[in-house]
Amino acid sequence: MRYEVTIEGQTYLIEISEQGHIKLDGREVEVDFAQVGSSGLFSLLVDNESFEAMVEPREGRWQVLLRGDLYDVDVVDERARLLRARAGLTVPDTGEFKIKAPMPGLVVAVSVEIGQEVAVGDNVVILESMKMENELKAPRKGQIKQVNVEVGDSVEKNQTLVIIE
Amino acid sequence: MADTPTLFRKVLIANRGEIAVRIIRACRELGLETVAVYSDVDRNAMHVRYSSEAFYIGPPPARDSYLSIEKILEVAKHTGADAIHPGYGFLAERPDFAAACEDEGIAFIGPAPTAIGAMGDKVTARKTVEAAGVPIVPGTELDLRDEELSVAAGFVGYPLLIKATAGGGGKGMRRVDDPDEFENALHSARREAEAAFGDGAVYLEKLIDGGRHIEIQVLADCYGSVIHLGERECSIQRRHQKLLEEAPSPFVDEAMREEMGAVAIRAAQSVNYCNAGTVEFLVDRDRNYYFLEMNTRLQVEHPVTEFVTNMDIVKEQIRIARGRKLSRTQDEIEITGAAIECRINAEDPYNNFLPSTGTITAMTVPTGPGVRVDSGVTTGDPITPYYDPMISKLICWGDTRGAALLRMRRALAEYKIMGLKTNIPFHQNLLDSTRFIAGQYDTTFIEESFFLDEDPNLRPEIAAIIATLAAHDQRRKAAQIVRRNGHDGQSNWKLAGRWQRMRG
Amino acid sequence: MADTPTLFRKVLIANRGEIAVRIIRACRELGLETVAVYSDVDRNAMHVRYSSEAFYIGPPPARDSYLSIEKILEVAKHTGADAIHPGYGFLAERPDFAAACEDEGIAFIGPAPTAIGAMGDKVTARKTVEAAGVPIVPGTELDLRDEELSVAAGFVGYPLLIKATAGGGGKGMRRVDDPDEFENALHSARREAEAAFGDGAVYLEKLIDGGRHIEIQVLADCYGSVIHLGERECSIQRRHQKLLEEAPSPFVDEAMREEMGAVAIRAAQSVNYCNAGTVEFLVDRDRNYYFLEMNTRLQVEHPVTEFVTNMDIVKEQIRIARGRKLSRTQDEIEITGAAIECRINAEDPYNNFLPSTGTITAMTVPTGPGVRVDSGVTTGDPITPYYDPMISKLICWGDTRGAALLRMRRALAEYKIMGLKTNIPFHQNLLDSTRFIAGQYDTTFIEESFFLDEDPNLRPEIAAIIATLAAHDQRRKAAQIVRRNGHDGQSNWKLAGRWQRMRG
Amino acid sequence: MRYEVTIEGQTYLIEISEQGHIKLDGREVEVDFAQVGSSGLFSLLVDNESFEAMVEPREGRWQVLLRGDLYDVDVVDERARLLRARAGLTVPDTGEFKIKAPMPGLVVAVSVEIGQEVAVGDNVVILESMKMENELKAPRKGQIKQVNVEVGDSVEKNQTLVIIE
């Protein structure tokens, strides 16, 4: 799995192989990562150097407290990047806009209901495919006109999930 | 405040946050019952949980709750509390509150209303202590004519400040470094004062450049004994807010300590002070010190003094209020090692110290030798916009200042708070700055000479790896749960499992 | 151990748990890098997280990891550690380990192998210190004939113990209170010894009834200076396991302290001791004290001494190992106030102190003035059956023993640990017992005279209400979630929300 | 809602009214109960006396840490009591045993799968009705022969949910 990770403008490319090997900007690093209990506390050993961090998801990003410094980290996997690009496309500010499934998958969550007002970037649906979740965000503000899916539905590529008007 | 031994069993703490908890702990250790009061947002607060009793006193705005003398006295009477500790802030320096307690026959754990009043009015205070031989910032009396002032200016000496008698907020204030500038400055100051307050009266005051804020802790019982516990260095400030304090001051030697201590005692005696109090001084580069004001209450930074003197100031306050004599004489006070206090605030040091509110989602406090944490919150507690943004005070002791400093670095690195931003990076930076390490700083240091730069120990690539692994991890788990929910039956066992963890 | 100043930068801690964390903290505060070692079950442990480096050394059983000299030295060499601190237990008192470190040119932070060896063999130790004029428990030499023994018995005095020379585990041991019983006891003892060890040889030792376990902390540098830091009272034991220690001992006065201190110093000098060590004494009702043994390492209970002397024993150990002189002379040692340590163990005091393993699901540590917690675990850490069940040490200081005791009660009430059972109720009970409060206890107290009774402050009806409200609450929430999952779409937002809380 | 609450043999009857009023053994008590954050920490004010407790569910019971003492609390609501009575009935040790729904409800969880061995008292299904969850436990040991329901199913009274053989 490839991730594009950004901290204060600086972007890192991190790859996690199926076997759990990790590459940071193409360079293999030997890491041993462990969660302490079920809390947000993690221990990371990088070539035996020890790091302790508290980690918390917040508004789709990751807060990492490491040695007293708090990092606000944006972790984007390939699909999400693709989806963001989509959302980035200029879309008409008026009229209907159909949010479609960019790939086949399972609906993991629906965060809107009919009549609800949404703003640009609001989460609308989470689609899961190949074990990864992908957030589908509203490409423009508007009101939810129609919700065609519910949690647990399997959907086809390009199937219309939600309509904003 | 009784002058014959008063035995009380139950103390109402008219405060909240860390200082309420601090006082509750002292009471418990003295076998005293406690009564906490709380506003709506503080229902779950630590001071409510740690107290033996707790009473609701109104909505979040202080004036409707923590500043309501009637409500607090009502609770005191209802619960049969025989003493009230005001902590700091809120009603701590309100003579009418102290008097109201007396009228109700409730011991006020603090000085007499008269002493609070005398020190509360800055002009009276200045006059009173001056009469007692305490040096004050040199200046003129009020209401002189221009000619008189220009003469007086020579005596006051440059640089000086022209201040509006009716002044405030810097209006009608002028700094004058050079005699030639005096006349113009005087006229513009008068004009501005006239416009601002309808009163052009001004007076002159020596300007203390690069001054340090150094204060002396005093203890006085009701039998005329007054002692001092040495000084606290409080020059690390931002917008007049103290951020870090230490005892002893790297600027003060034994002789100066004795001298300032004696002067502080005189200041306290000048108002027949009885209980714990702090005399604040402005100290110039030549070690001249000038009385600023006396705080007739417990200070936020009292723990650094407790560390280096092995005295419990809050217990001493209660002891005094009970009408007993001080537990020690001046000769029995010895300064051992050094202590530093960092105020841990919910604010973003990288964003102009903007207050950061929210709920503390996770917290690990530093422990081990020589570390003390006075906190008013635990995991799950919110930091609301209604009260000050202080999360806790982290205090470290060492046998030398250097040792205390290194220990503080260690403790700051161990301190983990999630859910909001804190000023811990500021303190880590400060403890790395050569001028701070050398003890070479004054009240202007933070605002004028200290720049919060990137922590040299930043490891963003490590943070990136950790966040990615956590994200990778969590998304996989999330996906599994959902699939289970959708398709097979075992799912909700996991759900239950999660519930337990959430509760845990 | 060098005898010329050695500057080292990186210390390997050959230990785990709270003591490893304690040593890591001391190193950080001295600007030293640390290397932690860990077994499989300790991968996530606090000592691993707090160290600058961490290395895996094998499976959980100590012999395969924390007792493996080769593995540990290998890590030391690999990481370029120039010193090793053994902590207590594991390899701390193994002369071969200390020697192996020396051979590798790695500073061993502890005494010389010879000193460890001499004190490790109890017979040698007894002989050595006796020669140095240190009182030992009176008794006979080995291998006397019956007639000689019955004569010797008169000199030894009753009550006495007949002990098998080859003895162990009480086999061939007889207590004799009355001369008339002596002969029978002697014969049965010989028979039992013969049967048990194939050696009927016995010797006599005076039986110290109602003795106290009191130990003296000593510090010795490599230049012949040896000082003592006063005593620790360790008579609160169960099955020879210390549960609570205090300094000073309520049984020891200044004169006795000086005398025992001087004797302890002689014991240390008799083996050319260099570093921190502890001389254990058995003290009878008449204040006669007898050498038991010398622990040639850091003690679990060292913090109570640190509190009352304001000295950091671990830093002092490192200082000595670096070949520097002691930081203080005997005259500069002063006992201030009193300190108590409660060992917080994962065991069920209401169920015969059965060890309780599991994961710490939630923990709140006491803080505030005069409280120190030395812990090896945080929330989320497991307590495994592989190592000792100590969760942490809670140490409280007060200006008097009474104040320390009251503070300890306060701290114990604040200490919250979920996920397993702890002995906190035992400590709370003990601190309420009049005999403990009066300081009237010996090593037999806990097992013979102390009975853990129901905490008088039990409030089962309150616990019932709380549990019911929590259950009521939780089931309602659970039900809601499930319905949402089943029926409408917003559900998983909650799911996400829960995820966050779980992480938080 | 009525609960039978047991601590070390001592049983308390606690009633919680819809309005949240609480009766302890018939006596009205004025309580103010609050959870601190989302942790297991709770604050209880009983007639202004303040109590702080950590609470954790464990093996169907409740662990309550209050002022240093750990209480192991068994909280049983009316339905659960009824169900326990059922489970208590002597059942044949051999042959099939059908676990049926004692009331109409929604299947909240299924904790067994076909072929699984269960012991007496093992949780089998959680049935939710009237906002309350009810654990259906195995009345005897055996192997799960059949599982007729899955999460989210609505079931009728006496409908067979699981068969043990």
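Letters A, B, C and D mark the chains in the order given here, with residues in each chain numbered from 1 onward.
Everything below uses one rule, namely that a residue touches a chain if its C-beta (ideal position, glycine included) is under 8 Å from a C-beta of that chain, and two chains touch if they have at least 3 such contacts.
Note that the structure is predicted; figures quoted are calculated from it, not measured.
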item	value
Chain separated most widely from chain D, comparing mean CA positions	B
More contacts between chains, C-D or A-C	C-D
Centre distance in Å when chain A and chain C are each reduced to the mean of their C-alpha atoms	50
Distance between chain centroids, defined by C-alpha means - chain A, chain B (Å)	43
Centre-to-centre distance between chain C and chain B (centres being mean Cα positions), rounded to whole Å	39
Chain B: positions in contact with at least two other chains	50, 361-362, 364, 378-379, 413, 418-419, 470, 474, 478, 482, 485, 492, 495-496, 499-504
Contacts with 2+ other chains: residues of chain D	35, 38-41, 55-57, 108-109, 151
Contact footprint of chain B on chain C as seen in their complex	21-22, 25-26, 28-31, 50, 303, 306, 310-312, 327, 336-337, 361-362, 364-365, 367-375, 378-379, 398-399, 403, 406-407, 409-410, 413-414, 418-419, 470, 474, 478, 481-482, 485, 492, 495-496, 498-504
Partner chain D, residues of chain C touching it in the complex	361-362, 364, 412-413, 415-419, 421-422, 424-425, 428, 455, 457-476, 478-479, 482-483, 485-486, 501, 504
Chain A to chain B touching residues, read off their complex	1, 3, 5, 7-8, 10, 12, 14, 16, 22, 24, 29, 31, 33, 35, 38-42, 44, 46, 51, 53-57, 62-71, 73, 75, 106, 108-109, 128, 131-133, 151-152
Interfacial residue positions of chain A with respect to chain C in the complex	32, 34-41, 43, 45, 48-50, 52, 55-58, 108-113, 126, 147, 149-151
Complex interface listing, chain B residues touching chain D	36, 43-44, 48-55, 79, 359-361, 378-382, 485, 488-493, 495-496, 499-500, 502-504
